[in-house]
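Labels for the chains are A, B, C and D, by order of writing; each one numbers its residues from 1.
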């Protein structure tokens, strides 16, 4: 999943603000699902959300305005109630890793109560468990 | 309504990003309602939203990180289906106006269809129509 | 310029928050410049910014999470000190216009003082003045 | 440090988006410094930034639009090149912890190179190391 650092995402240090990465991870996660035939929009419309329970980001180098970034996504846990993704945020121009990150999720219903993710979504997810991201992604 | 410019709200020009003002206007609007005994949270929970149909901001001077700002709010139109607010974003330290702005709104139901705002909310709003903001607010 | 509505850009009304459009306009403006061989990053690095002096957005219909949007950009004023763009935010799936918008800008130096935009940037800009966006853009 | 969840900070799950917490931590950190006589604005103007190298947030319960939150800040590491803060995001109405978090920082110059934090800032910081946040803060 590729994106460009938006001007609005920079701060007065002249770099992308660290909170922007959290938004990019989410956008990359949604795109990763889409590429595997899973629409997060459909999941949401079925009344289920993958609520975020933890976010961890390690910032190694700064991203600058207009940098093109690749976010590599790897599903590292896929249980009926618990999911975890690992990410690398890579500068497209030279392949340097700018940040690594992880998120964990629980599936919840519209009231926010944890529920088991229906097989309909769980099965396809399991297929991609621990799949190493291709360098082209 | 007072707020401080957050670091995340700055951009690499070293000033508050112009999109931040739109968020401040909304926060000030909610606070303006609250001070008048109208909870926007309650309006939302009753299934009604004041959807924004227009935003206009004139940027006169920059706001800087950590500047304390006052947002003055004036209700300039309050009909059953149409509302408009006028705003001044003022630097608290010296009273200089950094931006003026206006928003218009329609009341919509949860399906996004325009509806008449119930008297319960319309009446108190009308009381404050065109009330000049006090300099202390 | 195409983009997808990010989950983080939605609000509890279930639609893209109105402040998100202001950020999309900027991203589209930067992309519009890039497609015409003008790097806003280079302009910034030369010590010049195109500071926003006005933003106006008319919201016609809601954008939803994961909607693919096209932002059409038209340069409508290009003087040495004043620029203006017009925008249409279009839902890619059916071509419906969700919002129209305008921004005006002045060129400023790193101290925020208005300056004339150097010919180096002004000339190429003038070439694209009032050019109607192609339907494919 | 108290704040209110802004409408723009919610998402279509009807809760505050998880990226908003990262911005609140920063605002709380700046406020924590200010309350101790240390202006982050002055640090920045002296050419030094406390660049974020890690953010970790554990989300325990959701924050809702208009919730009043208290962010408690504790400085847990203060070396010449490395700082770490711990946070609790607490719902003001009932004292329930919604999230715990940690950030680590290095002091960098305007070129982004790690530098030792001058004694001028380091000494006052050390005074507050591991100070337990008062329940009233």
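Operating definition for what follows: a residue touches a chain if its C-beta (ideal position, glycine included) is under 8 Å from a C-beta of that chain, and two chains touch if they have at least 3 such contacts.
Computed from a prediction, not measured in an experiment: that's the story for all the values here.
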{"item": "Contact-richer chain pair [A-B vs A-C]", "value": "A-C"}
{"item": "Label of the chain whose CA centroid is most distant from the centroid of subunit B", "value": "A"}
{"item": "For subunit B paired with subunit C, centre-to-centre distance based on mean C-alpha positions, whole Å", "value": "24"}
{"item": "Chain centre separation (subunit A, subunit C; CA means) in Å", "value": "27"}
{"item": "Centroid distance [mean C-alpha coordinates] between subunit B and subunit A, Å", "value": "33"}
{"item": "Sites on subunit B at which at least two other chains make contact", "value": "7-8, 12-13, 15, 19, 22-23, 26, 44, 65"}
{"item": "Touch list for subunit A against partner subunit C, complex", "value": "4, 6-8, 22-23, 26-27, 30, 39-41, 44, 64-66"}
{"item": "Touching residues (chain side subunit A, partner subunit B) in the complex", "value": "7-8, 10-15, 17, 19, 65"}
{"item": "Subunit B residues touching subunit C - in the complex, by the definition given at the top", "value": "12-13, 15, 18-19, 22-23, 26, 44, 49, 51-59, 62, 112"}
